[in-house]
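Take a look at the structures listed below.
Consider the two complexes below, in which chain A is the common component and chain B and chain C are the respective partners.
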Partner chain A sequence: MVLKIFFPQCCNKADSGLLVGHWLPGQDSAVVLAVIHYPFIPGQVKQYIHQIRGQSGVDLAVLGSWSMPKEGQEGMESFLRELRTIFPQGRWLQLSREMGKIGFTSGGEGKTKEEKTGEEGDKVIFVHYEQRKVMLSQLHPTDPPVPLTQSTSELRQVFGTVSQSESLFFLDKYDDSPVKLTHWQSEGREGSIIVELMKQASTPVCLLTAWILVLWTSLCNSRSVCLGRVLEPSETLKANIFMSFLLDVTLGLLLIYWLYRENRVGQLANALLPAADRVAKELEELLQWLMGAPAGLKMNRALDQVLGRFFLYHIHLWISYIHLMSPFIEMILWYVGLSACLGLTFALSLLSDIIALLTFHIYCFYVYGARLYCLKVYGLTSLWRLFRGRKWNVLRQRVDSCSYDMDQLFIGTLLFTILLFLLPTTALYYLVFTLLRMVVVMVQGVLQLTVDFINSFPLFALGLRVFRSYTLAEGVKFSVLCEEPGTPLHLMMDINPLKFSSVVQTYRTATYSCYPKDSWLALCKKLFLGELIYPWRHKTTKID
Partner chain B sequence: MDMLLLMGADSGLGTGPGPAVPWRKVLWERQPFPDNYVDHRFLEELRRNEGLRQYRYWAVVREAGLVAQQISCVALFLTLWLYMEQGLLSPSTLLWSGLLCALLGYGFYQALGPQGDSDSQQRTRWSDLQSASIFLSFTFGFSPVLRTLTESVSTDTVYAMTALMLLAHLVSFPYAQPSPPGSLSLNAALFASVCLASRLPGDHRASRGLNSSSPSSLHTFTMLCWALLVFALWPCLRQRLRECAPQGFGCVCLLMGLSGVGGLGSIWPGGAVLLAAVLGAVTLLCPLLLIRLQSDKDNIHGPWDEAEIREDLARFLR
Partner chain C sequence: MQNGEHFGMEDETYTDIDGKAISLECQSHSGFCREFTVSSAKVSISRVMVYTCAVWMTAYIIFFFTEVDHETLLVIGSLGVQVSSSYASGRESTDFIEMDKIKDIVINEAIHMQRVIYYLCILLKDPSDPSGVSSVVPLFQSSKPRLNCLVKVYRSCQEILAKC
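Then we have the complex of A and B:
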């Protein structure tokens, strides 16, 4: 049986005293959290440990004794052995270290009288860890917070124990308390200079920041804002959102600066009208081409002329409307540009909407063409069944034979012939306008994807990964510190930071975006049948 | 013991070991016969050419006359179209004659029909009038559309489609019961007639000063009316005639054939010869072939046929 002891690096040079920590349930390991020095009163130690146990929820206990004798401190051994009787435990560790030597020994682990089965010479491995880093880090993949039970892995239990024992690390050596501890914060509590300065200099700004954070989190009365505290995953997400928002606003302000510097808004407005005119002219040319014999296809001349003239008149109406609006465009654009101060994503969404408004006639054409084509296809399928003497049975959802009347047959055949021969013309118009609409939809889609990307990019988490890589831990790696025969093995535990791709994947903010819910096959089928395609349908959420 | 018998038996079918027990046609019992034993009762349940019908030549000819009649109907229709296309007949003449024929035919139909009570007869007349008005209005309304329907399709394609559709019409025609016309046959015929009607020239003929009010809409309208008459209404009258006056039916058949050949011959003599040959083959040659080939028939039936459920199962449903 190998006993693993997780020993904090900060306690390597601590004075002799008691080891305080936690035995991991179900494993043969212990985590040492702090060392309590002499002089102490056992009763007060017990009271303190009881108090910390209640505050943190970790099952703290006195693990054993730690002896690092300095000059003039002899006779500690017997004193340490007597301590065992004061703190009766199941297992008792006796670690000792000598000055000048790297390794330390563990001697005389006593078991209770019942367990003395003669298993002496248990192997011991000391795993050194940096307490501050382990406390602040989050082991990925993060599970929802559950109490540390026997089923979680050993590593997760170690990380969990250290991070939950935050209240233990509160007292430093400058506090007046009956118990003197050594841990990572015992040299003085960590604070942020920036936060202290902010508090001194500008209270309203701090209040504002605090208020914004209160909106998103409920813990705003901690002393150090981000640094000396363990971050829950949800807090990371909220910090991500906040950072994305800031980035957004910054980019928007940059955009405003660029737009308004050299009266680019006016230039834009002046360029808009000729652009719309040009689009209309291109459409007209397209329709003229369709009204002729496009690509040598056989079109029915009469229907062609009708449809072409109808759409041309539509375009003419649209151009008149644009010309009517032209005096107001510059003013509208000016105010719209100002709204980019709310963020670049806002400006991009507005741009997408402006594009939708400017290409409204294309949308109209698409709807007309699609409806006509859909009607034609529906009529053709139904009349084809009539041609063969069959009918669609709605009750049984199948095709049945049917004996029609003479006049039904006659009119049905006439209509079938007409629809069949007019199909190429309608299909061509439908195809052309669907393609145009798809182009517009794709442009809008690209803008939407950009907005999505800016909103969901986890900037804060990436920043954490770059600057404080220990906070996002994927695992650990061990390196051998000291391996001498006769002494126990000493390993150093270093944190493996999360890969960048995993960071992005785990911390992507879910945005309220509307993805098309049709697969490619369903989309093709809808296009073939002439059903209208709505690419921005939101997923309907059930509200209980 | 069976193995010994097998080894000891001579080879050769039929010569079994000759035990006392006869061979039975069962599989669940081990019998003292080799596996390749063929009993003399093999295939005794085979029946050949069961239910063979004895055809008589002239009866078959009479039935084949129906097919020939339908072919000559199609030929007549094509003749009319040819006349209109070459401008030998003006559409108005054809239209009036068509209406006259329709009225005559309707009169015959009513005269030959079973005498029901006057109330139902009146209702039938009223519904007939409704149907007729629907036909006429729809056809007249759609004629301008139908006129330019196949303008951009090449002539060869149109002719090919027409031929295909007329063939389908002939194949799917319900010869046994033509009174309610079959959907596919009627639709195919109408489709073919629409294709042909849209190919009628109108524009450049109008410049020659033919008397036609709207140059080719009338052509289309006339064509469709005649198509309706020939393909939809004539079979009903024919059926009524056949039921009520069989002798007259025979005369009518002959008349139809002759007029078909004659009509086609006036415009296209080669076609007339072809049509006569086809009619002769269908009416006279094919029955002969059928009867001759009956003697070569060799169907076998046996207990392996599908079970046919006869009508009266009520006795099992106690």
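Then we have the complex of A and C:
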């Protein structure tokens, strides 16, 4: 069997000592977490390991011995072998490295002597990993935290072991304690105030602000060492929402600055009234065109005049209403513009509502046209059935044959003919107003999509991916380190960061958005039949 | 008017029937000999060159970012298999599959466009069905080597997979 040893890079140059780590259950592998240096008292070491085991929940153990002899330090080999008797284990690793050479040699002793003799021993693979990065990273797809059982994959077990052994990394060889360890913390510390702040951070709010500060400092400094914690996925989501909100408010404040700097609000208000007038005039011209011979089609004169005059009067009312409101518009707009300090999304939603209010007459026209058309179409279908001698059975929800009386047939046919010949006129009005309404709906839809985008964009996760790509890990990469003859295989394990598209997909915050429930086909069918279309219907409201 | 003298260039601009600008040049060689030249706007060669260069540069940039330079398969016994492709821009995309998930590495036949080709692929285990295959990861997709190359890689991989 091949023995795999996950060795941290920070311990490559550590002084001789004991290896502390964890044997992965079910696999033939061991994760080395730290090296305990001489001098030590075995009893204290055992006590310390027992304490850490209780705190972290990881089954720590002394894996073996590590020897890197310096000049003048000879005779360690026999001492190291004797250590085995002090720490009785099933397997004992003996890793040694000589100055100047890059590879390690190992002498692993199995439980029974027979395994060792006859071959050169177990085949060993050394996998070097960067301890700090592996500790802080999160393997995606993130599963709910499970205990490190046999069934989880090997890599997940390695990542889980390192991240759960945080309590092991508190003591260092520079601390004044009975046990002197070497791990990633020994690689150099920057005692900055921010690091101390982060050590005290315990609530999510402090964590969030501290992370933002860390991001800023990592932008300013090229390298910052900090005692970070592994970010749980829920914390990342909270951070995303917080950052989206910040971005929103920033954009809103920018908008306010731009709007109020040169009294653009006043200009906007002054431009609004002529714009509304212009829209009304265009609509009037459109109606006059429809009342004539639009696109060369010949309309039914009487119905045409009725509908046209009705809509024209409606527009006239609308224009009077707008003129009535004109003195107040500037003030209203001024206060509405101020509300953008609550965020750009707020301003955009308000804009969408203002557009809805200003185009209210188009909405009314659409409803009138649609109702008329719908009535006509239903009448036509029902009378068509009568024409063929059939009837709609409401009880059975199907079409049955039916024998009508003579006068029923006569009146039915008459009405059918009337409705049929009036159909083009109504259809044309319906078509024109539906198109106008669709334009307004599309404008509102674009605004809504923008609001959704700003709300759901995972800015924090993307920032993490750009600046600290090792925290979001999709997998690992291996590369073979230089080989020397006679030494076992050495591999370097790097973290393969998540792709940007996966980051956006995984960390998109769900927004309360109402997307249209109808497919395109259902929409076309509704349009054809003249049913009213409600684009922003929520699931809870009932359709009347 | 002397021989070879041009008329004064009229300030009036002329256009052809499509509206494109043209210029009229009148040259009087002698009292009874005149030459008129009508010339239309030249297609400047520099403009053509610029457009051609732009098109080629765009094509080259697209090539630079999407073309695969080399593909690597790293088999580590009892750890897993790593598949990586490196692009002309230096970017590398890597994927690592653990040994527990790998059922086997085989050479498979496929119909690709109008041909039948051989390709090397990794069969992944199905967690619910121990004897089934959940998915297939094809290797060397951009290079598409032939059978002799694939057989060599296959034999070598099988040696390692058999050991662990």
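Convention: the second predicted complex is superposed on the first by the 476 of 544 C-alpha atoms of A that agree within 3 Å, B and C clash if a C-alpha of one lies under 4 Å from a C-alpha of the other, contacts with A are read in each partner's own complex, and residues count from 1 in each chain.
In this text, a contact is a pair of C-beta atoms (placed from the backbone, for glycine too) under 8 Å apart; a residue touches a chain by one contact, two chains touch by 3 or more.
Quick caveat: nothing in here was measured; it's all calculated off a predicted structure.
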item	value
Partners on chain A (chain B, chain C) - clash or fit	fit
Cα-centre angle that chain B and chain C span when viewed from chain A, reported as a multiple of 10 degrees	80
Partner chain in contact with A:W392 - chain B first, chain C second, else both or neither	neither
Touching partner for A:F328 - first (chain B), second (chain C), both, neither	neither
Chain B versus chain C as contact partner of A:F310, first or second or both or neither	neither
Chain B versus chain C as contact partner of A:A302, first or second or both or neither	first
If touched residues of chain A are counted for chain B and for chain C, the larger one	B
Which superposed partner A:V127 touches (first chain B, second chain C, both, neither)	second
Where chain B and chain C come nearest after superposition, their Cα distance in Å	43
Contact set on chain C toward chain A in their complex	74, 76-79, 82, 84, 94-96, 98, 100-101, 164
Sites on chain B touched by chain A in the complex	131, 134-135, 138-139, 142, 145-146, 148-153, 180-184, 186-187, 190-191, 194-195, 228, 232
Complex contact set, residues of chain A against chain C	1-2, 4, 28, 125, 127, 153-155, 475-478, 480, 489, 491, 496
Residues of chain A touching chain B in the complex	293, 298-302, 386-389, 403-404, 406-407, 409-414, 416-418, 421-422
